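Notes follow the structure.
In this document, chain identifiers A, B, C and D correspond to the written order of the chains, with residue numbering beginning at 1 in each.
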Amino acid sequence: MLAVVLAAAHGFLAGVVRPDGEVLAAVHGVADFTTPAGALELLDRALAEAGVTHQEVELAVLGLPGPSLFARTPGPDPLGGSHLRRFRSWDGRPAADVVGDFLDRPVFCENDANLAALGEAVYGDVAGLHTVLHISLTHGTGAGLVIGGRLHRGGSRLAGEVGHLHVDDAGQLCECGARGCFWQTTSIPALLSELATAHGRTFTVSDLDAAAASGELEIMRALRGFGRSLGRRVADFVVFLDPQAIVVDSALGAASDVIADGIREAVDQYTPPMMAASVKISSGSLGASAHLKGAAALVRTEHLFEVSQLGPRVQASQA
Amino acid sequence: MLAVVLAAAHGFLAGVVRPDGEVLAAVHGVADFTTPAGALELLDRALAEAGVTHQEVELAVLGLPGPSLFARTPGPDPLGGSHLRRFRSWDGRPAADVVGDFLDRPVFCENDANLAALGEAVYGDVAGLHTVLHISLTHGTGAGLVIGGRLHRGGSRLAGEVGHLHVDDAGQLCECGARGCFWQTTSIPALLSELATAHGRTFTVSDLDAAAASGELEIMRALRGFGRSLGRRVADFVVFLDPQAIVVDSALGAASDVIADGIREAVDQYTPPMMAASVKISSGSLGASAHLKGAAALVRTEHLFEVSQLGPRVQASQA
Amino acid sequence: MLAVVLAAAHGFLAGVVRPDGEVLAAVHGVADFTTPAGALELLDRALAEAGVTHQEVELAVLGLPGPSLFARTPGPDPLGGSHLRRFRSWDGRPAADVVGDFLDRPVFCENDANLAALGEAVYGDVAGLHTVLHISLTHGTGAGLVIGGRLHRGGSRLAGEVGHLHVDDAGQLCECGARGCFWQTTSIPALLSELATAHGRTFTVSDLDAAAASGELEIMRALRGFGRSLGRRVADFVVFLDPQAIVVDSALGAASDVIADGIREAVDQYTPPMMAASVKISSGSLGASAHLKGAAALVRTEHLFEVSQLGPRVQASQA
Amino acid sequence: MLAVVLAAAHGFLAGVVRPDGEVLAAVHGVADFTTPAGALELLDRALAEAGVTHQEVELAVLGLPGPSLFARTPGPDPLGGSHLRRFRSWDGRPAADVVGDFLDRPVFCENDANLAALGEAVYGDVAGLHTVLHISLTHGTGAGLVIGGRLHRGGSRLAGEVGHLHVDDAGQLCECGARGCFWQTTSIPALLSELATAHGRTFTVSDLDAAAASGELEIMRALRGFGRSLGRRVADFVVFLDPQAIVVDSALGAASDVIADGIREAVDQYTPPMMAASVKISSGSLGASAHLKGAAALVRTEHLFEVSQLGPRVQASQA
């Protein structure tokens, strides 16, 4: 059995997953990064719900924002003093160490958007396609790229950080040091806030789902515009990579389909017709379990059972 | 021994290359695609210069513009009636058939920009780096992408067609069907023509090389601006792929270095600093022999000797 | 007596001027730079008209576009192969050598816009003001800067090259190597061409003068807009230098006043009020003789009679 | 000996300097402009630290924000009711009178950014270069301009007020009366505040220095972007003045170097190559003592000992 913990600004997600990708339990919790207690208690709740003991856990996968720490030689976190550190360092210790000590099992870290991408690319509708870009929208604007069935992480482990595509020379200063990054204007939180202003009431992700499901025209237009905005940038990716699939975070429900339509529209407009015609653009098929299934996919595609047998907890001192 | 023929708008290149990448002969000729005679005569001149008989040729590699035809199931050329057809169909027959019949050997086709990219990625300074984008400028604005030591061709075999990145909604109609494609404003021919207008005299690729070598300020500024323009688009590629190297077509000589500096400047400005810091940006190290060495690299990375033993000329009826 | 020759794209101007600034003769001619004959014949016509012999000429001043060659140690023209060379090199020889040999007198070179600026700053309405920027519009968009009664030439002898202020990242390539220089969109020839298109008839500089003099509203609006466009850039100069005067090329006649009004409007809008209030903005008072009087002013402010007595023709081998 | 007092929003600086530029003492204090007591006590502390008596002080130099008061005929402060008045009028009396009475010596006033510029131009690395623009960043965004070894003050004594370059037609109203002035978006305080927002922690000038010194990528990117933003405007200055040097306030430590690199990048992009090539762009070499050394440079370049002998305290009743 695999234990999975996801740490992100919106909160924790703990889950238990079978090596074949079946999700046995998934529990959400409020994020508190000053102490690991919350995350560990959440993990125990997930294990209890799944009826799985600590001993039955074979290894753990940790989903963390920021540069991928997968298979990284132990050393200082490349993030330095960035604000993302707090997700990766709990109570002053690397998150992997905290979880590894708790379970006494090897722990493998991966970027959260990468886990979702790998989940969809291995277990979703697009399984088997060669080059898949999965766009995560639930926790910021990010992406994961799967090429030939394996994650493409990049030289600085940041491949797919589409939130930091450059948009506006005179934009707001970003924590990455640049100005006018894409996430500042194109993200679900930014969209929700704009909708709230325009309509004079609060909006949640669920409202987007519901509005798209019931065909509320104004919201669908806004979602489609959001998709076109994403699609304008995805179009350039298509020209460079000529991928087989673009998948949109399906945790947004029906709203994901509308966003995918917007991306399609822009890709059709901004890429050569042969490329536009050969790329499938759709919302994901795994909903909120993409990350958890992605953990199982990571174990499979990176042969982690073999790795962990060679040297248990070899990965535990990362971060 | 490998026989290589490159067919492009500017003319033919025929060469003879050893399987280890050593170039034994390289002969240029005027392009005439109405009859195969010119290309075949050129090939014979290259073989004579190298002292290699038809019998000693083990297989041939054909570099052609347009979608890669490598390992493609025989069938109609996906190009349809495009103006690129003339490079790929000589005297009404697929170029691969013409060359295959002439040599009685298996012929493998590859996109010309892909060959140059593979040459630099396997035999150049960046050999061993995981993700390499090579930008071809000599024959239009294109690129080849090598990931993990192999060519990334894409779903429609058009990966790296950076000349068709979208630039201008109100731009000129392109033969690809879109409007305002990148190559229309950012290509060496466009730059040469702009320089000619600005300075009231003609400019050639050699003039760019000479001007950069002697530090002629006005020309270097124009080249650096050209590089920045490329770099603005490459920056987005960097954010998506987080590559280890960006290599500029070294057939432009000293001008390639200045263009690489411009790309670096834009990448530093438009990508997150960790990504900018981890990517090497330079001009290639193989000069005009990148394509020929790329043919040897293709044989090596795609195990073509094994493939051709399984079924000689299995590839010959493409295009 | 001073002999003065001005060489510019629009043609030659030869004149004879007294050291106190009085213009004795001024003759215009068609520009032909393949042979010096035209310029020298023009000079003889001016001398004849003024009743001045070769022997009575004490020194000559040459106004040439491009970097100022004043008091430059003989050596290669810094212009290199630029298209401006043709104005400075007649029949393959430096213009200063040609004129020096013809008159057997010392020749001093100065940038043409600098001569006009110095003329207005020393002999015009603004004489005595500390910092004066004079904007030349007749031959391209340029400027000369006089600080404390002397020309400010700058480290590369190009101070005041306002035609090369940057305007447009995506603009046309300029012979200077940059893109989107100011002169490309803001120059009298560009304005005349735009007026011709808008009104369906040809326009000359004289038409601008006449239209401004008779209060033709459409033309005055266009001239004022042209002035505002200049003024937007001049405003930044005002903030950096806090000058006492901005003077507009008075060779445009009444049109100069309208342009000056446009500059005033922009300076009032775009600079701190104290600065705007302390700068005089007006058209020049010397009309077409600004350059010729500027030659006399150069002799006076640079003490050229003393210099030439120290070593006659010491300056002649420039360019 | 020279007594120097600098009054600025961030506090007082009192120093004692030898006429040859050697700084004997420098004492910082909290700014309180409601009473002169604080400034005078600080001055006495500096004199005590230097071991210099009131009698040994030959003259005093006062650095004040706002229009230069140097050698100004006594009369009302041109500032009127501006908020800068409080720095220049202590307890209702002109600061020069207060200090002059206290020391019974002549007092010369100069703008604070001008003093720093003169210090660097006379005693710094760029000494001897003809035209030097020094950009002050520690107390707001300002600049001083030294031409031919002397301060260029301008017609309203505001030359170099780069903080008031116009940026944004729809910007915030500035106390100068204009809208969208440069300092509102481009100043160190604005940058510190943006960094605080982006990173969720406070930032000081020392943090910038430390981050640049240790190569913290996100902060260096932000500093370089800040430099580019300055450089875009400095580029226009370069085209007008063709200066020999642009110097960045070295009180920011290592951060100054990164900002200078950003300015260089923009100047290379936005000015003609010959101009870009002939201007030195660097951080200053005097650190926090630029203003104090600038006071000695003022005495030297304006021959103040001679002036003060002609009529002691002739300058004291300014402001």
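The rule is short, and it goes like this: contacts are C-beta pairs under 8 Å (C-beta built on N, C-alpha and C of every residue); 3 or more make two chains touch, one makes a residue touch a chain.
If you're wondering where the values come from, they're calculated on a predicted model, not measured in any experiment.
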Where chain C and chain D overlap in contact partners, by chain label: B
Between chain A and its twin chain D, rotation from the CA superposition, multiple of 5 degrees: 110
Result of counting contacting C-beta pairs for B-D and A-B, higher pair: A-B
Distance from the mean Cα position of chain C to that of chain B, given in whole angstrom: 49
Distance from the mean Cα position of chain B to that of chain A, given in whole angstrom: 36
Whole-Å gap separating chain B and chain D, where each centre is the average of the chain's CA atoms: 55
Junction residues of chain D - those touching two or more other chains: 217-218, 220-221, 225, 269, 272-274, 277
Pairwise touch network: line, ring, star, complete, or other: other
Chain pairs that touch, as defined at the top of this document: A-B, A-D, B-C, B-D, C-D
Sites on chain D touched by chain C in the complex: 67, 78, 130-131, 133, 143, 145, 147, 152-162, 164-166, 176-178, 233, 235-237, 239-244, 269-275, 277-279
Chain D to chain A touching residues, read off their complex: 191, 194-195, 197-201, 216-222, 225
List of chain C residues in touch with chain B within their complex: 80-83, 172-179
Of chain B, residues touching chain D in the complex: 217-218, 220-221, 224-225, 228, 265, 268-269, 272-274, 277
